[in-house]
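For reference, the structures are reproduced in the following blocks.
In what follows, chain A forms one complex with chain B and a second complex with chain C.
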Partner chain A sequence: MIWQQLQSLIGSYPLALRGLAMTIALSLLSLILGTLIGFFLGVLRTKGNRLIIRVIGAWVDLIRGTPFLVQIFLIFFILPELGIELDAFTAGIIALTNLAACFICEIVAAGIRSVPTGQVEAALASGLSQWHRMRQVVLPQAMRVALPPLVGQYVLLIKDSSVVSAIGLTDLTRVGWLVVQRVPNGLLVFAIVGAGYFVVCYPLILLARRLEKNMNAAHGEVQL
Partner chain B sequence: MLENFSFRTITEYLPLFGYGFAATLWLSIVSFAGALAVGITLCAMNLQRSQALKVPAKIYIDVIRATPLLAQLYFLYFGLPRLGVVLPELFIGILALSLNSGAYVAEIIRAGILSISRGQVEAGIASGMTYFQRMRLVVLPQAFRVTIPPLLGQAIVLVKDSALLSLISVSELTRAGQLLASDRFMPAEGFITTAACYLALYYGLKTLAASSERWLRLRPTGNLK
Partner chain C sequence: MIKFRGVNKWFGALHVLKDITLNVEPREVVVVCGPSGSGKSTLIRCINGLETIKNGDLVVDGQRLGDRATNMTELRTEVGFVFQSFNLYPHKTALENVILAPIHVRKIPKAEAEIAGREMLAKVGLADKFNSYPAELSGGQQQRVAIARCLCMRPKIMLFDEPTSALDPEMISEVLDVMVGVAEEGMTMMVVTHEMGFARKVARRVVFMDAGAIVETGPPEEFFSNPKTDRSRAFLSKILRH
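Right, the complex of A and B next:
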C-alpha cells in the first residue's frame, strides 16, 4: 500500500519540479524587486518630505494590518475591475513585491535611524554631498543593523509565496494539494512539500542567526 | 471602474461580516492561548540542560519556522484523517495556528528570559533560592515585562494568519468576503470590507501594544519595590 503510494508519488515528480520552479521564480523575482523598491522607500521614509513620509507610513500600516491572502484577492479580483487585465502570476508577483517592499522599507528605515547623528554631521562637515553622505557614510552602517532582519524577511517572503496557491498558481503547496487528491496520504505528501521549503529556508535562517551574532560581536569591538 | 461600488450590498451582508469578525476574534484568542501553552512548554524544554528535552524542542522550532503555515495547515487537514483522527475544520485550524505560533512564542519567551542579567540569577543562588524560586521570584517577573510587546506583535501576526483558515472552509472574516464575492460577483465590496475589519483588529492590537510599552516604561522597576 505504502509502496504503491510511493511509486505514484515518484510518478508525479515532473509536477513537483514545476511547482518548485514556480515557487523559486515567484520568490526570487519578488525578492529582487521588493528589495530595490523597499530600499528606495526606506531612504525616502527617513529623508523625504513630510507628505511622502506620511503616505509611505500609511501604506505600510495598511499592508501590515491586513492578511496577505486578502491582499492577493484584492489585487487579483479588483485590478481587473479598474481596467488592468492581469494573470495570476503577475498578480502574485505584484502582491509579493508589495509585501516585501513594505517590510524592507521599515527595516531599512530602522537601520538608517540607528546611525548616530554625529556620523551625518561629520560627513556634512567634510563637505560630502547628500548622495555621498547616504552612500558612503549612512547606508554602510545602516546595512549592518538591517542585514539580519533583511535575511529573516526573505524567509518570510518564501513562506508567504505559498499563499498565492489560493489564486490557482501551481507552486509547491498547490502541487501538494493536487497530488493529495490522487495519493490519499496527506502526512507523506505535505511532509515532502514541507521538506522542499525547509531546504531553502533553513540555510537562510542559519545565515540570519550568524549575521546577528557577527553584528553583536562587531558592535562590541566598536564600543571598546 | 469602481463607480458602482455598492454600499447597500455590504449592509445586506453586514450580519455575515459581524459573524465572521466574531469568529476570527474568538478563534484567534483560543489559538493564542494554545500558542502560549505550546510556547511555554517548548521554551522550558529548550532551557533545560538535558539534551533529550532540548534537541526535540529545537528541531520543532526550526521546522515550524522554515516551513509555511499553509503547508502545515494542509499537513494536518489532509494528514489527521489518515491517522484516524477526524476533527472539524475549525479545530484543525485552531490546532495549526497554536502549533505554528507556539514556536515563535517560545523564541520570544526565551529571548526574554535570556535578557535577564546573569547577576540576577547568581544573586538568587547566593540567597539560597531553589531553581523554581529563582524562576518564579526573580527571572520570570522581569522577563514577563520584556516579552509583552513582542507577544502582542505575535498576536497581530496570528490574527492575520487566521485568514488562511478560510482555505479549509472555516467560516471566518475572509470566508465572509469570499462568500459575498462569489454570491454577488462583487469581489471589491467583499474583500475591501474584509480588509477593513482586519484593519480594525490590527489598530486595536497596535494601540494595546503601544500603551503596554508606555506602561512598562513608566514602571521600570515596579516589581522590585
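Right, the complex of A and C next:
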C-alpha cells in the first residue's frame, strides 16, 4: 500500500518541481520588489512630509490589519471589476509585494529611528548632504537593527506565498492539494510539501544568524 | 567671524537665549562657561544651525543665518563641531570616520583624502589606530578622532561642546593638549568647558552665562581672579573649590 503510494509520489516529481519553482519565483520577485519599495517607504516614513507619513502609516495599518487571503481575493477578483485584468501570477506578485513592502517599511523605519540623534547631528555638522547622511551614516546603523527582523520577514513571506494557491497558482502548496487527490495519504504528501518550504527557508534562517553575528562583531557601539 | 546681535531663543515657554550679543574675531579663542542649563551648549549649537534662533541676527563667516541665500550645508563645511559624546560613526574605522566628509562633501579623491586623514590622525597622536573601530578606542582616543574628523575638513571655525565632560579624568589632558595645539595654530574657536587651565592657557576671553544670558565677559586672568558679578563669583567658588 505505502509502497504503491511512494511510487505514485515519485511519479509526480515534475509537478512538484514546477510547484517549487513557482513558489521560489513568487517569493523571490516579491521579496526584491517589496524590499525596494519597503526601503523607500521606510525612509519616507521617517523623513518625508507629514501628509506622506500619514498616508503611508494608514496604508501599513490597513494591510497589517487585514488577512492576506482577503487581500489576494480583493486584488484578484475586485480589480477586474474595475477594468484592470490581471492573471493570477501578476495578482499574486502584487499582493505579496504589497504585503512585504508594508512590513519592511515598518522594520526599516524602526531601524532608522533607533539611530541616535547624535549620529545625525555629527553628519549634519560635517556638511554631509541628506543623501549621504542617509546612505553613509544612518542606513548602515539602521541595518544592524533591521537585518534580523528583515530576514525573518523574508521567511514569513516565503511561507505566506502558499496563500496564493487560493487563486489557482500551481505553487508548492497547490501541488500538494493536487497530488493528495491521487495519493490519499495527506500526512505523507504534506510532510513533503513542508519539507520543500523548509529547504528554501532554512538557508535564509542560517544566513540571518550569520549576518547578525558578523555585524555585531564589526560594528560595536560607541562606548562613553 | 561670529556675530550675535540681540539673539533670542525659546524652547516652548523656556527662554533659553536672552538677548545675546557677542562678537568673535578671526583667530580668537573664546571659552564659554556657566552652570548647567545656562544655555551655553544651545549658544554654540546655533552657530552651525543645529538649533535655530527665534529672532536677532547671527552672522557666521559673513553669512546671516536664516537668510534664504545662506546655504546651511555649505556653511557647516566651514564650521567644525566637536560633541560631548564624540558621536563617531560606530560602523566605520577611525580613518573612515575622518575621511567621510572630505570625500563626500569636499569631493577629494579617496586616495588623497586617506593620506590627509592619516596625517591628521598622526597629528592627534593616533598613528597606530587608523583601522580601529570607535568601540575599540578609549574615550580620550575617540574624542581625538572626532577632533581630527573636523580638522580634516579644514574649517574656518571650530566649536567644542563640553569636549572633556564625558571623559575619565586621566584622559582629559590628552584631549586638551590637542585642543591647545589647534588654538595655537590660529583657529577661531568657541569652547564650552569648565577646564579653567585650558581657558587660562589659550582663551582670549571667557564668556560667563547664566539662565540664558551673558552675564560677564573678560580676559581669563581677570575673570578668574576678580569676577565682577555675584553669580560668577558663586559659580567660580563651586568649580574651583576642589
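Operating definition for what follows: the second predicted complex is superposed on the first by the 207 of 224 C-alpha atoms of A that agree within 3 Å, B and C clash if a C-alpha of one lies under 4 Å from a C-alpha of the other, contacts with A are read in each partner's own complex, and residues count from 1 in each chain.
Assume a residue touches a chain if its C-beta (ideal position, glycine included) is under 8 Å from a C-beta of that chain, and two chains touch if they have at least 3 such contacts.
For clarity, every value in this text was computed on a predicted model and none was experimentally measured.
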Between chain B (first) and chain C (second), which, if any, makes contact with A:V189: first, second, both or neither? first
Tell me the contact category for A:V155 with respect to chain B and chain C: first, second, both or neither. first
Which partner chains sit in contact with A:Q136 here, chain B, chain C, both or neither? Use first/second/both/neither. second
Tell me which partner A:V70 touches in the superposition: chain B (first), chain C (second), both or neither. first
Check the residue A:N214 against both partner chains and state whether it touches chain B (first), chain C (second), both, or neither. neither
Could you say whether A:Y197 touches chain B, chain C, both of them, or neither, answering first, second, both or neither? first
Identify the partner contact of A:Q119: answer first if only chain B is touched, second if only chain C is, both if each is, neither if none is. second
Of chain B and chain C, which one touches more of chain A's residues? B
Is A:R144 in contact with chain B, with chain C, with both, or with neither (first, second, both, neither)? second
Considering only the touch criterion stated at the top, classify A:L82 as touching first (chain B), second (chain C), both, or neither. first
Taking the touch rule as given, give the residues of chain A at its contact with chain C in the complex, in rising order. 116, 118-119, 121-129, 132, 136-137, 140-141, 144, 218-224
Once bound in the complex, which stretches of chain A touch chain B? 61-62, 64-71, 73-74, 77-78, 81-83, 155, 158-163, 165-166, 172-173, 176-177, 180, 184-187, 189-191, 193-194, 197-198, 201-202, 205
Where on chain B is chain A touching in the complex? 1-2, 62-63, 65-72, 74-75, 77-83, 160-164, 166-167, 174, 177-178, 181, 187-188, 191-192, 194-195, 198-199, 202-203, 206
Would you pull the chain C residues touching chain A in the complex into a rising list? 48, 50, 73-74, 76-77, 79-81, 83, 85-91, 100-101, 104-105, 133-136, 139, 142, 146, 149-150, 153, 166
